[in-house]
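See the structures that follow.
Below are two complexes that have chain A in common, paired first with chain B and then with chain C.
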Partner chain A sequence: MYEGSISVIKIRNVLLVTVPPDPDDELINQLQERVLQILDQSKAKGVIMDISTVDILDSFFAHTLVETAKMIALMGGRTIISGMNPSVAVTATQLGLTFGDIDTELDVDSALDRMEASED
Partner chain B sequence: MITISVKEWERRKHFVQFEEEDITRLKELLPVVEKQVDKVVEQLYENFEAIPELSRILHAEEGRLEKLKRMQRAYFLQLFEGDYGSDYLNNRLKVGMAHHRINLGVDWYLGAYSMYIRLVMPIILDHYKKDPAKGQAAFASAIKIIHLDQDVAISTYLSAREEVIAEQSEEILELSTPVVQLWDGIVAAPIIGTLDSQRTQLFMERLLQTIVDTKSPVALVDITGVPAIDTATAQHLIDTINAVKLLGSTVVITGVSPSIAQTLVHLGIDLSDILTRSSLAEGLKVALKQLNLVMTTKGA
Partner chain C sequence: MAFTPLEEGFEFVPIKTESDIVRSRKVIRTLASKMGFRLTDVTRIVTAASELARNIYKYADQGQMCYRELQINGKLWLELVFEDQGPGIEDVEMAMGEGYSSSGSLGLGLPGTKRLVDEMEIESEAGVGTRITLRKKV
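Moving on, here comes the complex of A and B:
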């Protein structure tokens, strides 16, 4: 029933992933599954996960994002998280949630620019 | 506005040992003071008017003097009317607020009260001149209620001041964390004073919001105005920087003075992952470089 809530769009060599504002754990698990599958099928070089719609980010979601990024790296791809809300960033910092070495960008535009720059 | 609960009022009355017999004694004096009230009030205001500062306040608006005299008369009589419950308390609170409104300082208030006592004392002692012991007791009762009045008045003064202080602290908090856009894609935030957790919260929220609103990849946080840095402040800075990173933006800490650099190293605070520069100007150069911008002299 949640299938339609996550969108994974391929733009040239990049997958753009968007999530609904308040994803539950099941949906977050699906997110990982789908992104990796589509990455495998599409032979994309990188993934941009746009979380600009997300107002509340819990530790499970944060953990899954980091985990997925690591898996993408293992498959030879690059991950950029874009559009994090200021309130989400404040909470994440206060909770001590770390996103490891994942690259972050202000919005999808700049994330695409960065992806392109790294392909050259 | 200040309120004193009835319970608190009773506690204060109990402390000055204001008891039933005081009420009886004061009530007994009512017919005596009623005859003298006009004289006392006139004398009091004659004294006030002799002082230029007070005279200015008394004549600040048309009819104020007459109004004040009327209020003074009622106030004086109420001291002896025998009802010292919540109505009395509320009336006294209003008197305190009125003094505050016309900007009459607590020093004038207390000074005036001393005149008051000197005018009331002979009336009471004169009335009981055949029974000096009773006169003394009645005077003591008057002193108690007068003291309680002063107590309430000073409480209102203090609370009015505290309100002002609270408002100002809030304003300072607002003023002290500006975040400004310096260039397309560059925001700057000068920090003045120390960063406590409350300020950090406000500062962080503002900085992050401005970064998102202006889509700025670089933020310059200037600590020239931070007199000293401790581990807590440093941790707050690091938290802020981490939050900015999550947004996809970079922070450059600027204005790192020699003494702050020394403190940071001595405290063992590791800022090696963070871009730091000694001045805001140097920080701006770093920011421009990151944005692939070049500034040149015209015609050069």
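Moving on, here comes the complex of A and C:
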């Protein structure tokens, strides 16, 4: 993975998406398209968006994440956001960003557990 | 009619393309870290810069972000000025109200940005443009 790339890998029945620390708008738009396309091809049950490496989450990025989660839901999948770092959480809250009803987890591990539990 | 010229000591980043938004974030992250802001404050300032740089790109097509360090009563401040010659904000008071967004994106913007810094001033006039000044103390 080179700097500035999105990675999407399939673990069990789930797609794990990781993004670079400071993605530009174009990359964020690509992320949406790629995730939906790979979800369709791979027949995964859900998507974990791991943002533990992200150190800036502005309204555009947040808006695209929420939108992507809605699209994933329309396709029949579920989305969990994992790993938001404390500074990003503080800033997002004060900025007034809303994440709808997307589930969140501390890290990828607990996100995978939650995905698995919801399959039973 | 134009805004009063900026004082001495500013450096600037032009905002013309989408990639200039990332560039302004990088410049401010480097400067704020160097000035000694703690991590959460760096994140706040960089996020505020990202919001205002994007507003310029989205509503005014182009403009610039000016920045400088300031000493006020022995305290170090970071001052950022976002300027454009765009259409201007029709009703600044309304734009500062919670839940207002002229693009209908997320219903936020200026009020949220204001919460991330210590001081924020807006000058805007139809036919002149918009100048938004942010200040944060280390």
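Here is the rule we use: the second predicted complex is superposed on the first by the 116 of 120 C-alpha atoms of A that agree within 3 Å, B and C clash if a C-alpha of one lies under 4 Å from a C-alpha of the other, contacts with A are read in each partner's own complex, and residues count from 1 in each chain.
The rule is short, and it goes like this: a residue touches a chain if its C-beta (ideal position, glycine included) is under 8 Å from a C-beta of that chain, and two chains touch if they have at least 3 such contacts.
Bear in mind that the values here come from a model prediction, so they are computed numbers and not experimental data.
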Chain C versus chain B on the shared chain A, clash or fit after superposition: fit
First, second, both or neither for A:116, with chain B first and chain C second: neither
Touching partner for A:94 - first (chain B), second (chain C), both, neither: both
Which superposed partner A:25 touches (first chain B, second chain C, both, neither): second
Touching partner for A:86 - first (chain B), second (chain C), both, neither: both
Touching partner for A:67 - first (chain B), second (chain C), both, neither: neither
Touching partner for A:33 - first (chain B), second (chain C), both, neither: neither
First, second, both or neither for A:107, with chain B first and chain C second: first
Nearest Cα pair across chain B and chain C, whole Å: 8
Residues on chain A lying within both footprints (that of chain B and that of chain C): 86-88, 90, 94, 98
Residues on chain B engaged by chain A in the complex (per definition of touch): 201, 204-205, 208-209, 211-212, 215-217, 239-240, 242-249
Residues of chain A touching chain C in the complex: 22, 24-26, 55-60, 62-63, 86-88, 90-91, 94-98
List of chain A residues in touch with chain B within their complex: 80-90, 92-94, 98-99, 103-107, 110-111
In the complex with chain A, residue positions of chain C that touch it: 18-19, 21-22, 25-26, 29, 39-40, 42-44, 46-47, 50-51, 54, 98, 105-106, 108-109, 111-113, 115-116
